[in-house]
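Two complexes come next, and they have one chain in common, chain A, joined by chain B in the first and chain C in the second.
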Partner chain A sequence: MVRVKQRYFLVEIIPSVSQRPLLGELHSSVNERSILRSVRESVEEIHGDFGVGATQAGFTIKMFNSKTSVFVLRVRRGPHVLVASALSFVRKIGIMSLTLKTLHLSGTIRSCLKFLQQYDRQQLIHVLRHHQLSQDQKEKIHESMLKSEQKISGETELREEY
Partner chain B sequence: MSRRRGKVCKQRKLNIRTLTLEYKRSKRKVINEYNYMDVTLDFGEELGYRGIPVDSSMFVNIIENSLKLLFGEVGASIVFDVVKYREKNRRAILRFYERDLVKLWSSLTMCSEVGGKVCAFRVNKVSQSMADESLRYFQ
Partner chain C sequence: MDLNIIIQPIDGPREEEKISIQKVRMAIKLGFEVVALNVIVDGQQMEGKNLKIPEPPVIKLGDFEMAEVKVAGKTFQVKSRLTCVVSDTNQCHHLTRSPLAKKYDILAVQPMNEKIFQHVCGNMEVDIICLDLASRLPFTLKREQVGQASTRGMFFEIQYAPCLKDRIARRNTISNSRILTQLTNKVNIIISSGSSQVMDLRSCFDAANLGLLFDLPENKCKEAVWSNCKKVLSQAVSRKLPGKGVLFMGGASQLQPSDQWLLKACKMPTTGQEVVSSEKKSTVSITSDCSIVTKQKKKKIRLS
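This part shows the complex of A and B:
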């Protein structure tokens, strides 16, 4: 049996201007199920019964981070084109009105998450620059960044030992 | 999705001797922009079922609706013309771009009901030029 190939969409949820929370989280009605439902409705609207039938096999959300409003959507390789076009037409998930921004499309979850790491680092810089933070919060962020750097350097030291 | 080279023309024929439906298939190297399709909307009158009167605008509507149902907005954007229509037979010649052949034909296949009555689209012929279509059904 030839290998079944998938495509993984890395998508960011951008709430509409009126509802944009300030460093906040998404509404509780936005979860894996409701995201799948609204993407499926969008595919039905744009590509009809054929679109829904072609894309529903292996149509799942592999990762959803409600804090950074990012999710990874898995689709089979041929029909992923239909989902790609339908993603831009999603206007509403649950109660929230929003738009979806496709950050990355790849053949493995791994490369999606790798891209996400770089993207998150850039976003962090952006967030720190544009938001007023109290001294307390700044210290906490500084600490956690030092910790994560130590962790990485600690790991590299271990590897050098071996 | 590979591109087909050379277009297929099909002509549907009923073999009276053996009572089987045959398709005569020919392949052309030159690809025309437009294809023409000879279709009949069949309510089963030969078997005794009664159909409903369908005028040309309703005929177009039926095809557009089935395209939209099966293929969504992408299907609804498929352009086709009804070159000839005969209300008596419910037989029409459609003109469409050859890239839309598969979508159009499959949505005609999927159309099973009109105005509460069971029906089917019988595709008599698909060809690349109007000259191939036998116009005696439309006089």
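This part shows the complex of A and C:
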């Protein structure tokens, strides 16, 4: 039995300047269903019925985090090229106008999440710079970061979930 | 790299500055390392005595932006670029003579008819030739002229911002750029945004993916976004210099075994952190210079 090969896109949502929350969640109309729908619409816009048909099998959102506004999109290998070129044509999800930024493309979801961990740490440093923190809070953050590292390297929870 | 972020004096200088700072911020957020601010000049502004080329735009980055760059562990540069819409050889002459045009880092030309396109490809010294791909081309491109331009080291530009919104513009861009890629044999092409709005910017990775629509294979897409833009910049530097040569410095330890004779020839000490300079004096032409430079760069990248 040959394994079905997939490609995973790690994509960040960048809201337009007027609607950008500095920190916090995206609008509630942006959810997994609406993201999938708008990506599929833009594939149809660029590649037509052929594009939609080719990408439809196994086309799902595997993860969506509305706080860091990042999602993981799964496509079969081969037609993922069609999705890659169509992602930059997405201009609206739900009622929010936004653009999508492809962060990473990989063959396994694990390497996607590894990359995401690194990326989130970078972002976290940037966010923390703009907040005055007490020594107590800093220690707490440090502790939780260490914990998360153990989680990923242990792969316990992630494997079960995906 | 994105060598085309359009800046226009729309609602007074203050408003313009505000928008352009927003654009630069967005570019940083998207992970660009080099950005060129593009000033577009109409052909009529360059006729006769009333030569109106504005000063190159300057943008001061605050601490906030620089902090974001540092976190990502990158560098960030802002270049200036002048794009002239020309329809007359007279205007070309004025452009090459103008001292203000020389202040810009990159010089681009948008030819409006076949005669001027021929002139630009054969005689002018510019870095980028951009064509309005979003509408029907006013003339047919010929392989001779395009080949002539690419042997002289000019690059053709594909702008993706117009095709993000409009269906007709998208069709035209795709069809025209397919013609262009066919004529240039898929080299000498750069992909840039050409965005007048903040939300039309896309990250490097997405821009490279858009190249798939323009009939470019995957490796050429990446070249069109990264290495070709570097070539444009190094050529722009060499165009300005009177001696027409570009100098790159590197550590002596980075030299390949095949180039070790340079150390002896130049009587350079091999120990310590001495720096070897290998200057290529150009007696031939600018383009040959640039190709040498890029070859050296490639060698270094392979080594590291």
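The rule is short, and it goes like this: the second predicted complex is superposed on the first by the 127 of 162 C-alpha atoms of A that agree within 3 Å, B and C clash if a C-alpha of one lies under 4 Å from a C-alpha of the other, contacts with A are read in each partner's own complex, and residues count from 1 in each chain.
Methods note: a contact is a pair of C-beta atoms (placed from the backbone, for glycine too) under 8 Å apart; a residue touches a chain by one contact, two chains touch by 3 or more.
None of these values were measured; they are calculated from a predicted model.
Legend: residue contacts after superposition of the two complexes on their common chain; A:7 is shown touching neither chain B nor chain C.
In the superposition on chain A, A:74 makes contact with neither chain B nor chain C.
In the overlay built on the shared chain, the residue A:88 is in contact with chain C alone; chain B does not reach it.
By the touch criterion defined above, A:48 lies against chain B but remains apart from chain C after alignment on the C-alpha atoms of chain A. On chain A, the surface patch touched by chain B in one complex and by chain C in the other comprises residues 46.
Considering their complex, residues 68-75, 106 of chain B touch chain A.
Put simply, chain A touches chain C in their complex at residues 14, 16-17, 46, 81, 84-85, 87-89, 91, 97, 99-103, 122, 125-126, 129.
Interface of chain A with chain B (complex): residues 43-51.
Those residues of chain C lying in contact with chain A across their complex are 22, 26, 29-31, 67-68, 71-72, 160, 164, 198-199, 201-203, 205-207, 209-210, 212-213.
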